[in-house]
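Heads up, the next two complexes both have subunit A, just with different partners, subunit B and then subunit C.
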Partner chain A sequence: MVIQQIANGLVLGSLYALVALGLTIVYGVLRVLHVAHAGVFVLGAYAGLLVYVSSGSIVLCLAVAMLVCGFAGFLMYRFLYRPVLGRPALIPLIVSIGTFMFLEDLYRLVMGPYIKALPLKLSLPGLDLPFLRLTGQQLFIVGVTALLLLALWWLMKGTRLGLAWRASAQDMETAGAHGINTDVIVGLCFVIGSAIAAVAGIMVGSYYNQVYPSMGSVPAYKALAVIVLGGLGSVPGTVVAGLALGLAETLTMVWVGTILPREAIAFLVLILMLLVKPTGLLGRAS
Partner chain B sequence: MLEVDNLVVHYGHSAALHGVSFNVNTGELVCLVGANGAGKTTILRTVMGLHRPTSGSIRYSGGNLAALKPWARSKMGIVMIPEGRRIFPELTVLENLMVGAYGRKDKTAVKEDFERAYTMFPILRERSDQIGRTLSGGQQQMLAIARALVARPALLLVDEISLGLAPILVDEVFAAIKSLHDEGVTICLVEQNARKALEVADRGYVLSSGRLVLEGSASELRANPEVRKSYLGG
Partner chain C sequence: MADRLFRAEGVTKRFGGLTALKDVSIEVDEGSIFAVIGPNGAGKTTLFNVVSGVYRADEGAIWLGGSTLHGLGTHRIARLGVARTFQITRLFKQLSVMDNVILGLGRGDIPMGGLIRGPRSKEAVDKALETLAAVGLEKSADTKAGTLPYGDQRRVELARAMAMKPRLLLLDEPCAGLTHHEAVNLAEVVRQVRDTGVTVVLVEHNMHVAMGLADHVAVLDHGEKIAEGTPETVQRNPLVIEAYLGRGESGESHA
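Take a look at the complex of A and B:
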């Protein structure tokens, strides 16, 4: 029973980590809260839905959604954020919130206000042990998350681009003065973060079998809680915090019951964290 | 090699530089001395492309730098050792050096330069896997110098390299700058420690409140009664 709940919590946590990763990556280089990231997440779900319905291929559905969202992320950086960088932090934040609201209504206009199903047919066997049952879909979510994290880790630690990325996140100006084109690096961060959001959108859409225009609202503020919990800008911190939040929510529902709405737990955990260690799980005071 | 002409720079509405003109010839070590707030750092940052000038021109090897971003200037051989060291705190010593050599494609020559840097500062070799923020202040300054060295600068901009260092380390970092100069690197040095700067420089300019008020060879400036009184402590 406990093992089962922990497994369920980790699956949910994987989804949170995926949604929050792009936010962390962007925050890491720009110190801007990219609220519209949740809009990209919804775009990924819709793009995935359209491709899957017409082709029936999961691989194609993921690939196209990642491309579409990566490109959308680049456009957002180039035309929305870059013109206001260097202004007080409030201005990019307002741009971001406005963009998110615009996107929600755009989806409502184009795709209709109704909930659409996203029944990905996975030919994956589930896991069926005496003490633990996981569906093929749950295994798929954990597997894809693990794969993306590995790829990201390799990119950051094992490549020249990753070195430039880490240097830019730590000191953009000095990185630029040492020959790193920080414009390109920041643009790439948006592309990569948005492509991950596309995967998250498809995963969440298929996990609950629901895709709808405002499906980004709850992930938007939960992802915010996750990146603060993880220590703003820390990629490993975000993963740990995402998993921890998934666990906390699942276990609270089991042990404490539904006195508290599920969505409140993220903020309860966040408040506790800020009281105990304001720099987050893996953050460091600067 | 570097010609700065009538440079005006503003921070918001207040002017930090009111029309500064100077030049650095190939192979020279030129220093800009002056009190805190005189505009020395602003000059170097503007040459590097980290500040946009209000007016005036900066020419380097005959070309105008105005339209170029910092990374483009870096690829042309302009390298800065910034004020306050600005090493990358979460990268290892080796990774900091790799960022220094980021724009270079000549792998074997880069390797030689890493060796040179490690020979100049053996402590960096010992600490090569340690992350930057765990180094002492002096070691961080050495890393900042080494990071610039492995970029193979044609023009090296050095900003307040002695700030906050113990006297023995001040001697060491100035010796390092001097040896780079002896190898033929053109250097523009900005320094509050005028005595030290004028010891190693060929020529110097004195900057006061955003204007150049004096120029001359290092020995002329050292002998100038005004400079002695204001900057060399009598």
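Take a look at the complex of A and C:
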């Protein structure tokens, strides 16, 4: 029972971590809260839905959604954020919130206000042990999250891009003075973060079998809680915080019951955490 | 006479109503050490920021060899061969000393296709170690840069700039915050750098450091160049003495 709930919590937590990763990457290098990231997440769900319905291929569905969202992320950086960089932090934030609202209504106009099903047919076997039962879909979510995390870890730690990214995140001007084209680095952060959001959108859409225009609203503020919990800008911190939140939500539901709406738990955890350690789980005091 | 490597002509930079640089021109010979001195707030660091592309000059032209630097981004200017250090050392503090220097090596050879290659090729590590050895810090290669003593951080910053194999090296108050002994050592390192063929422009608040190192000196005060020449002639210039010691009524600019 407990093991089962922990497993369920970790699956949910993987989804939170996936949604929040792009936000962390962008925050780490730009110090901008990219609220419109949740809009990209919904775009990924819709793109995946359209491709899946017409092709029936999960690989194609993921690949196309990642490409579409990566490109959308690049456009957002180039035409929305870049023009207002260097202004007070409130201005990119307002741009971001406005973009998110615009996107939600755009989806409503184009795709209709109704909930659409995204029944990914996975031919994966589930796990069926006496004490633990996981569906093929749950295993798929955890597996894909782990794969993306490994890829990201390699990118950050094992490549020139990662080194340039870490340098730019610490000091953009000095990175530029050493020949790093920070504009390209930041653009790539948006592309990579948005491609991960596409995967998250498809995973969430298929997990609940629901895709709808405002499906990004709850993830938008939960992802915010997750990246603050993780210590703004820390990739490992975000993953740990996402998993912790998934666990906290699931276990509270089981042990405490529904006194609190599930959505409130994220912020309860956040408040408790910030009281104890204001820099977040793996954050550094700057 | 040696070739001119660097020229700034009539450079003016304003911030709102404040003119930080007014019609400043300097020419630097290849292989020389050129010092820009002046009291605090004279525009020395602004000049560096304009040359390295952090700020864009409102008027004037800046040339390195045959290429204009005006209006280029910082990374383009760096790749053309301009390296710099900062008045207050700006290492990537969370990265190792080695990674800092490897980032310096990247000039021009991080093409898009190379971004996903590993940063620590044997060649890069060897070069980085060699550069660190030149400033006497090869033993600290794996230390996190931010944990080094300040004097060592300055030397890492210099090594990182040297790793770029620059044609022009801009040093912003290289001896600030150092003990006398450390400053003397650093001055020696700067001379060695010059002897490898790198042209050095340094900004110095401390006249003695600048006079001891430089072949040629320009003096800025309130954003204007008030004197230029060899250290000996500049030292005797009454305008310079006045700029440093004041003349009773401050705030007026010199003609």
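Keep this in mind: the second predicted complex is superposed on the first by the 286 of 286 C-alpha atoms of A that agree within 3 Å, B and C clash if a C-alpha of one lies under 4 Å from a C-alpha of the other, contacts with A are read in each partner's own complex, and residues count from 1 in each chain.
Keep in mind that, in the parts below, a residue touches a chain if its C-beta (ideal position, glycine included) is under 8 Å from a C-beta of that chain, and two chains touch if they have at least 3 such contacts.
All values derive from a computational prediction rather than experimental measurement.
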Based on the superposition on subunit A, does the combination of subunit B and subunit C result in a clash or a fit? clash
Winner on subunit A touched-residue count between subunit B and subunit C: chain C
Please indicate which partner A:180 is in contact with in the superposed arrangement: first for subunit B, second for subunit C, both, or neither. both
Is A:170 contacted by the first partner subunit B, the second partner subunit C, both or neither? both
Regarding the shared-chain residue A:263, is it in contact with subunit B (first), subunit C (second), both, or neither? neither
Should A:105 be classified as contacting the first partner (subunit B), the second (subunit C), both, or neither? neither
In subunit A, both subunit B and subunit C touch residues 160, 163-164, 166-167, 170-171, 173-183
Per the touch rule, the subunit A residues reaching subunit B in their complex are 160, 163-164, 166-167, 170-171, 173-183
How about subunit C: which of its residues touch subunit A in the complex? 52-54, 73-75, 78-79, 83-84, 86, 90, 92-95, 99, 102-104, 106-108, 110, 112, 114-119, 160, 164
Show me the residue ranges of subunit A that touch subunit C in the complex, using the header's touch definition. 155, 158-164, 166-167, 170-171, 173-184, 188, 284
Contact footprint of subunit A on subunit B as seen in their complex: 48-50, 69-71, 74-75, 79-80, 82, 86, 88-91, 95, 98-100, 102-103, 147, 151
